[in-house]
Amino acid sequence: MSEYTPVELMATVASHQLEDGRTVGVGTGLPMIAALLAQKTHAPNLIILFEAGSMAPEVPTLPISVGDSRCSHRAVAATGLAGIMETGQRGMIDYAFLGGAEVDMYGNINSTVIGDHDHPKTRLPGSGGANDFGSLSWRTIIIARHEKDKLPERVNFITTPGYIDGSGARERAGLPRGTGPYRVITNLALMGFDKETCRMKLISVHPGVTLQQVIDNTGFELLIPDDVGTSALPTKEELERLREIDPAGIIIGR
Amino acid sequence: MSEQGIGELLSTVTADEIREWNRDHKQRGLVDKVTSPKEAVQKYIKDGMYLAIGGFGHIRISMPLIYEMVRQRIGRLRVSGHTAVHDLDVLIAGDCVDAVDVAYSFAYETRGLSKNGRRAVESGRVKCVEWTNAALSWRIKAAAMGLPFLPARNMLGSDTFKYSAARTIECPFTGQKLVALPALMPDVSIIHVHYADRFGNCLVRGTLVKDDDLAKASKRVLVTAERIVPDSFFRDAPERTTIPYFCVDAVIEAPFGSHPGNMPYEYYFDEEHIREYMKAGRDEEQLKAYLEKYVYSVDDFEAYLDLIGMRKLNSLRRLEELR
Amino acid sequence: MSEYTPVELMATVASHQLEDGRTVGVGTGLPMIAALLAQKTHAPNLIILFEAGSMAPEVPTLPISVGDSRCSHRAVAATGLAGIMETGQRGMIDYAFLGGAEVDMYGNINSTVIGDHDHPKTRLPGSGGANDFGSLSWRTIIIARHEKDKLPERVNFITTPGYIDGSGARERAGLPRGTGPYRVITNLALMGFDKETCRMKLISVHPGVTLQQVIDNTGFELLIPDDVGTSALPTKEELERLREIDPAGIIIGR
Amino acid sequence: MSEQGIGELLSTVTADEIREWNRDHKQRGLVDKVTSPKEAVQKYIKDGMYLAIGGFGHIRISMPLIYEMVRQRIGRLRVSGHTAVHDLDVLIAGDCVDAVDVAYSFAYETRGLSKNGRRAVESGRVKCVEWTNAALSWRIKAAAMGLPFLPARNMLGSDTFKYSAARTIECPFTGQKLVALPALMPDVSIIHVHYADRFGNCLVRGTLVKDDDLAKASKRVLVTAERIVPDSFFRDAPERTTIPYFCVDAVIEAPFGSHPGNMPYEYYFDEEHIREYMKAGRDEEQLKAYLEKYVYSVDDFEAYLDLIGMRKLNSLRRLEELR
């Protein structure tokens, strides 16, 4: 077994959630690394869409922005924000892969503000394409840090709706049926959502992490099924590919 | 029943107002529009206007016009922040901005948050209304289509909706709840492109972001181009025209016009310069010194590029080409 | 004075209605001839838009279709139907130049059907882009044959709305304010519309035509002002240009 | 109060149905889709389907697939008639069509009306619902955008509206009356393009009509191309891709595929052939003889082109190039 960093583990666990032959809308940072890793391992025909307008690019080196020239390198088509989000709105984006400052028990994501909106304690960047991808894609995968205040019972501000306040809430709000958060990947665990209650549910704990650590670092009552597994270790090949994707350690070195 | 966000609509327009502006103010004939950043800003950009910027915040942005707005001390702008990055940040540094329709703003993607942008919002100097990247694109598309609104399926069930100025409607055929996004007609847009002719026909290479719609939606459109080409470039293959000339009010030749941003197929980011700027942004005094050096005390964009130097500029070309 | 055919006269009178430096959406046939003539005479900077998507082309020879390659020859931009009609919807098309099987006293045009819609006596092509151009352009110029049953009090079917049933009706229907029919050019006369009543009003009678002929061949009460003029004769230069535009006499020979 | 047309909606779809079709039936991966007209029609086109055709009725139309539908005696089609000309007329001649969403149909522009088309409508054999060219384009754009409808400002105050299936709505911001155009998701579309790669990426030169939206809006998309090119053609300049591959279900190589129609930059109309066809259309027996000669008794499109002959085809290239 090779040595690996927590971020490398998150990237490999995240990459496993993506199916070959499917489309994924990818945000900046770790989601990008995970999608590129999936392409280089089990999902060579994974189709990446970047919100600035790139479709199915061959990303040559780690991009700085989801809109930079690395993201449209040898793409099959270059359109714009509307072109990508309309592709999602008509049901062609299978996975959205997003990060967030806060994620709550229903998978709602905050990337807008901490504190009062008009007099904020911390101003964050806002939705970008996250609300769009999270509203319009079939399955949303979220990457977050596993700390009590990053996983609160209720986010300060719903930038991107998860299951809002429970079962049926997305459909009542007018969001497309059959969509919603699918997985949450943190530095401690992999989580999904309970079909009935739409609440976050543990799937597997990362190697070397205890169940109690997960519980202690979650700001709400996480559903714990009987069959909690252990997340797969990164393989040697995965780590090699990761280091090819981000040789300078810009993301995975964090 | 219709729900509605509590955010302020920073720019309002009716469908007939869109039509009447276009009837009364947009030149139809083929006339030479080549000018300088200085003249274009003097003529078309006034304090308090609603501004939109082409490209993607730090990719394909019109830095000659941004620096010129700072140099001319344009104030109280309201800005469309559909992935605004370095473009908006420099305008905030120059104290040009009062309010932002935020989709993504005050941050530099993988490089992290902007101290300068955050400070402006957290101090109350810059006001925010919330939208999303698609919402701002569709609002602009509505104006480009001559419509007062477009329906969509994003924003619903979120605080992003609550702090926006969107509303909900029912589909007249299916009863389905939808979001209604009000048309956005910026007072002025600045767009950096690869090729333009002197009339204003433009080609954008790589991703378009929303600049075709933006050019159609805006009251005034100022274009900077890496290169000015003869109009036969467009007439020989008219399917490649991204922006038709009659949308455009001014054309400016500006090689390296996106520096320190990326220009796809031309040059990559000047990371060293962006780091220098972001570091200066930590502190108001340092930021003033940065602006003094790179904006106020240079005459124009070409003099700014001289400060950057040809060696650096050439290296950015090689970087873009993965050499 | 040169010899000329009635169609050549219609073409020259029609071309005079177009201003230099303005945009015009042009339909098949005589409207196309008249717009090309205007470009070759008093309006070299007249910008033609064709509904299939062509903007500001340099039309080299007479097209057969508004969508054929002659219509997009050396255009500055090639878009589509939506691209052209959105240009009109946002107020950028000054003139629409249309033909029609029937035109009534309010400038309503029928190009859909004679008789009952579902059991038609004569099926015509339908709106095409005529309803769009006529709804969305600022001023609509109509070319029609001057016969009692081609200029009825009320068209069989309003394909393209004129002033519908009088003053304010367009705005009440939801059509853009300040738009509507501007000129009607027939083989006998040039007509406009009364500002107050929105009814068709004579402007000038073609050379060699009597006022009584005009009245006798109109199927409704045409408004006749005191100052009815005589339409300008085609000049030698105009006729030469016309014969360059349509050397085989496909349209002007009719 | 909402007004509504009395015409039948020949094809209905909700926004969630659009999404679910695209989720369940559209291939995302890069797979080779090259096939023949015979196999494509057998696999994807069934009696009673709603069909839309790319191009402009007699410009850039997919004749290999039209002839093949006639040859396979596909019946009871409902067809989108946004400037339908020779494409629809041949399908009516082959008795493939039950109903048409008419914008422009049953006529040949400057060449006059079609006896065959008029006969079919006036006898009651083909049913008509009225729309306009823009209305059908925007209905298709609505489906391409994943929306149940789009607002617009045409059709109002006309009998075209009355005999359509459109409705009126009020703008939620301005109260302005607008027309609401229901999304149109054709069961199958056939589109002729200049270049396609084996995955289905396409480039259309010259005017686009509405084929980018049509490819996104349709359940199935069959493409014929003047030439099949390597995918590097698109990857080298991705801004020129008109239709991305994942919209497309079948790719067919078909030089001269728009004959006797015009293909911009490639060949002009075969007026002699169109006259021969229109003349045959005056009489049912002559029309049968035409179809027997050019469709039923030839195996495929290449055999049909042999009947036309290389001398004629080459002359149409010269005509297009104004030589």
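Per-chain numbering from 1; labels A, B, C and D assigned in written order.
Simple rule for what comes next: a contact is a pair of C-beta atoms (placed from the backbone, for glycine too) under 8 Å apart; a residue touches a chain by one contact, two chains touch by 3 or more.
Worth saying up front: this structure is predicted, and the values here are computed from it rather than measured.
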Check: Using mean CA coordinates as chain centres, what's the chain B-chain C distance in Å?
Finding: 40
Margin query: From the mean C-alpha coordinate of chain A to that of chain B, what's the distance rounded to whole Å?
Written below: 28
Notebook entry, point to check: Any idea how many Å lie between the Cα centroids of chain A and chain C?
Noted result: 57
Checklist line | Interchain centroid distance [CA atoms averaged], chain B/chain D, Å | finding: 37
Note to self: Residues touching two or more other chains, restricted to chain B: which are they?
What the structure shows: 15-16, 146-147, 152-153, 168, 176, 178, 205-208, 238-239
Item checked: Two or more partner chains touched - positions in chain C -> 54, 72, 75, 78-79, 89, 136, 176
Margin query: Using the definition of touching given at the top, classify the network of chains in this structure as line, ring, star, complete or other.
Written below: other
Check: According to the definition of touch, which chains form touching pairs?
Finding: A-B, A-D, B-C, B-D, C-D
Notebook entry, point to check: Which bits of chain B are touching chain C when the two form their complex?
Noted result: 15-16, 18-23, 26-30, 143-147, 199, 201, 216, 231, 234-236, 238-239, 241, 244-246
Notebook entry, point to check: Inside the complex, what are the residues of chain B that reach chain D?
Noted result: 2, 14-16, 146-153, 167-169, 171-174, 176, 178, 180, 182, 204-208, 237-240, 242
Item checked: Contact set on chain C toward chain D in their complex -> 28-29, 50-54, 60-61, 63-69, 71-72, 75, 78-83, 85, 89, 112, 117-132, 135-136, 157-161, 164, 169-170, 172-176, 250-251
Check: Which chain D residues qualify as touching chain C in the complex?
Finding: 55-59, 81-83, 85, 102-107, 109-111, 113, 117-118, 121-122, 124, 127-128, 130-135, 137-138, 141, 152-160, 163, 168, 176-179, 205-213, 262-265, 268-269, 271, 320, 322
Margin query: Taking the touch rule as given, give the residues of chain C at its contact with chain B in the complex, in rising order.
Written below: 20-23, 45, 47, 54-58, 72, 74-79, 86-92, 94, 136, 138, 176-178
